Amino acid sequence: MTSDQERLIAEFVEKGLAGDMDSINAIEDRALRGKVKSALVKAKRSGAVAKESKEDTKIPEKENQQDKQAEQSIDEKIKKMIEEQFPDTLIENSDSDHIQIKPEKWYDIANWLKSDSSLLFDSLQCQMGIDIGDDMLESRYNLHSMELDHYIEVRIAVHRSNPKIPSVEQIWRIADWFERETYDMLGIEYTGHRDLRRILLPDDWEGWPLRKDYQVQETYHGIVVPKMKEGWE
Amino acid sequence: MTVDFIFDGLNQLFPAVAGNDFFLIIAMLLPVAALLGFITIYGFGVIYSEIKVSSFIQDKTGPMGQGPGLHAGKWGLLQPVADGIKLFIKEDIIPASADKPLFILAPFLIFIGALTAFIAVPFGEKIIIVDMNIGIFYIIGVGSLAVIALILAGWSSNNKWALFGGMRSAAQIISYEIPAGISLVVVIMLASSLNMQEIIAYQEGGLFNWIIFDNPFMPIVFVIFFISALAETNRTPFDLPESESELVAGFVTEYSGTRYAIFFLSEYANMFVISAVAATAFLGGWQSPFENFLNTPAWSVFWMISKTFFLIFVMIWVRWTVPRLRVDQLMHLCWKVFIPIGLFNVFAVAIWIVVIG
Amino acid sequence: MGVVHGEEMVLNIGPQHPATHGVLRLQVRTDGEVVSQITPYMGYLHRCFEKHSENVTYEQVIPFTDRCDYLSSMSMNFGYVVAMERLMEIKVNDRVEHIRVVMAELQRIASHLLCTGVFGLDLGAFTPFLWALRDRERILDLFELTCGARLLYNYMWVGGLSHDIPVGFVESTFEFLDYFEPKVDELENILAHNKILVERSADIGVMPKDVAISYGVTGPNLRASGVKWDLRKNDPYSIYDRFEFDVPIGEGQKGTVGDCWDRFYVRIIEIRESVKIIRQALASMPKEGDVHQSLPKKIRPPKGSVYARTETPRGDLGYYIESDGSPIPYRVKMRSPAFTALSVLDEIGAGWLLSDVLAILGSLDIVLGEIDR
């Protein structure tokens, strides 16, 4: 499509949006007319969406921003408090939506997060493990306070060669099974966990399936394990 | 009565060899054969009514097959037959670690208990296989045989669920025999007899002469007896020994095919016996509810069967309506509620007989 | 007289057992009938949801979410699309939101019906189960009308829906609700106030508030313990902030707050609240609007992560999605509500009789597909 044509189409679309359909219908070149019409429909739809989204999202956006600010502030606040109480555990990160800490003092920090009267994180919403590449594994905790209704995410990264993180199973009881699952899938060892076994896979399964370099074992008790298919067939 | 009748008839037919032992055996076997036939037909009937009554309660149609052949017949009438055939041609599985002789013995024992109880049931004015002078006592005694069979089944299966079921049923049936027995003691006190026919004769003369309306305590006695009867036959809400959502199938977990069918049939046979006893002891047996209304020997069979079936219907109705009790609540109900009330009833009725009756 | 102790016995409930709601194995230690310890073993239904998700595109994950909780597939879809739309910052139009809410609430009713019915079944009452299934069938008919499937719908897509609702759907739904409301009372009468059921479930398996929160128990189970926590109210997603409904909590009407009876009864009240929401959503549903309007051509979310929670019939369903900017997810984690509910079983179930343990298990309303994923 030449730039001339594009310019022409844009002109006609503008006319069409203004309500002048006759000039579009009067175009002699059928191919050009089709293009103009389809461009017009697109323009109309995107315009409608833009209008709608402007109207609808204006107010929530503000709220979202406020929420974000509140979240940021709680994140910042906790970061500062951790700096003060547990020096040399915080890892500075550019993203402000989570708190990155070193694994060593995690149990004490968790205990403090749960019991400090201004934080009261009594609910561990989610705990997940992830292979973040560069031979690092990460354990992420989504904490929530039922009473004060605020929410943070804590991330702890460990190296694959020594994947050990203190267990918080005795602080939030649900961490018992969450940590077992992460151990099952990624092989992160939670020190101090009283019952660290595989939970979903059989006890004698080999390897950690959710690590990115996982190789499926050839046979399991004499049964051939089917290979995972690449992509969609 | 019936045995004697046949024996006498044979003796009269062949006076040359009268008093022969062979005649006695025939006189005993004929009613038993008739009884087996009756139980089979009754079994089909009651299973069909269980299916259909439950379907009605549960807002579904139940089996509705049409036509002959391998379908379930019109309105699913042949469904119980199909079920029976299925069970009888199934493979007979005996677990390798089971105690084989006891495992095989258990279903026979429970069926013997159910079958022998039938011979003292008064089906009509003239129809009772053996009219014993201790009829009601005999039925209770023979009915207890089921406990041994259930424990045997539970123990010999070598399965934890079966063991749980067996132990539960032993505790349950032995416990509930006491309130049932106490209730019948009251009836025996009123009728002054253990003989089934004499108990029925005592209730002659219409609805209000029935033992259940004899005095103000009798409805309570009847309710206690009926609920205890439910417990003795392992019906909901007392089906703990075979509670399918807790104990898989309880004492019948390891049974399949014919042996399972025998357990199944015995449960329904027991239902009939216990309902017949309730009808005899409380509802006037084969007596018509109205004096001089259809009160002939032929109609007596009709009255007896319909009273019994009404009670069986109530059992089915209860089964599909209420949940199941827990084992400690079951014991609580028996020992702390039924037995004290039952004993009180015995004393109260005794005083009633002395003072008023 | 002291308590008589016998030899302890190890009993395996399951994997094939009528009361375990799927393939769950509970290893219980019993002394007679008293259970002293319960150890759940799961994974019999593990279908590698999270590993599969790392190998298919974002839209191909949706059918997998269906199969996780096969009793509330709509809600599982809903959670995923809410998370994806938050990650991609897509805003869908009002009609889509309304249809989604209607579907999710219908699904909630269907799921709660099954749960209450099965709870009765666990306690030996067969009839209410079939009554519940009969009404659930009508809801499945509505779903079939909408998307052709009765169990696994794949209905909600990122940025829209697979189909618009058919002509006559709104009327049929209203008709269903009119038929259904008296049936709830019927179900309540035969089950909730039945003397035997109350005896069997009141004061049994009491879950105190702090235990529930510490174990991450959510949804109706948490509300039965007396915590007024419902994401539809406390952290409204979609358009739930526009509707009026109550959040029922356990009040210990028949026993203690947080017993089996409360857990069961909360669900019955929730059915009524869902009916309210559906009525409001159907009444205010815009006539115009294309359900494919904001459907992205290619789903390629920006680099980053999102953790979004939604309220399914079983509790807080969280999706943690990590994106590396490619059309294939880097990591999808499902925080499933039944998983956390099952973990509390040993805490509240030990010390009760065998029959009670199965009643407690039934009242927790677990779905094994979601636990094992």
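First chain written, first letter: the chains are A, B and C, and each begins at residue 1.
Just so it is clear, a residue touches a chain if its C-beta (ideal position, glycine included) is under 8 Å from a C-beta of that chain, and two chains touch if they have at least 3 such contacts.
Nothing here was measured: the structure is a model prediction, and the numbers come from that model.
Any chain touching chain B that also touches chain C would appear here, but none does. When you average the Cα atoms of each chain and compare centres, the chain farthest from chain C turns out to be B.
The most centrally placed chain, judged by C-alpha centroids, is C. Distance from the chain B centre to the chain C centre is 45 Å, each centre being the mean of its Cα atoms. Here the spacing of chain A and chain B, counted between their Cα centres, is 66 Å. Rounded to whole angstrom, the centroid-to-centroid distance between chain A and chain C, based on C-alpha atoms, equals 23 Å.
For chain C, the set of residues touching two or more other chains is empty. Contacts from chain C toward chain B in the complex involve residues 9, 11, 17-19, 33, 120-127, 130-131, 134, 190, 194, 196-197, 199-200, 353-356, 358. Of all residues in chain C, those touching chain A in their complex are 42-43, 46, 48, 50-51, 54-57, 60, 91, 93-94, 210-211, 213-216, 227, 229, 234, 293-294, 307, 309, 316, 318, 320, 322, 330-331, 333, 335, 339-340, 343-344, 347, 372-373. The part of chain B that touches chain C in the complex is made up of residues 54, 57-60, 160, 164, 236-237, 239-240, 243-246, 248, 320-329. The part of chain A that touches chain C in the complex is made up of residues 45, 49, 52-53, 56-57, 122-126, 128, 130-131, 140, 142, 146, 149, 153, 172-174, 176-177, 185, 198-202, 209-210, 228-232.
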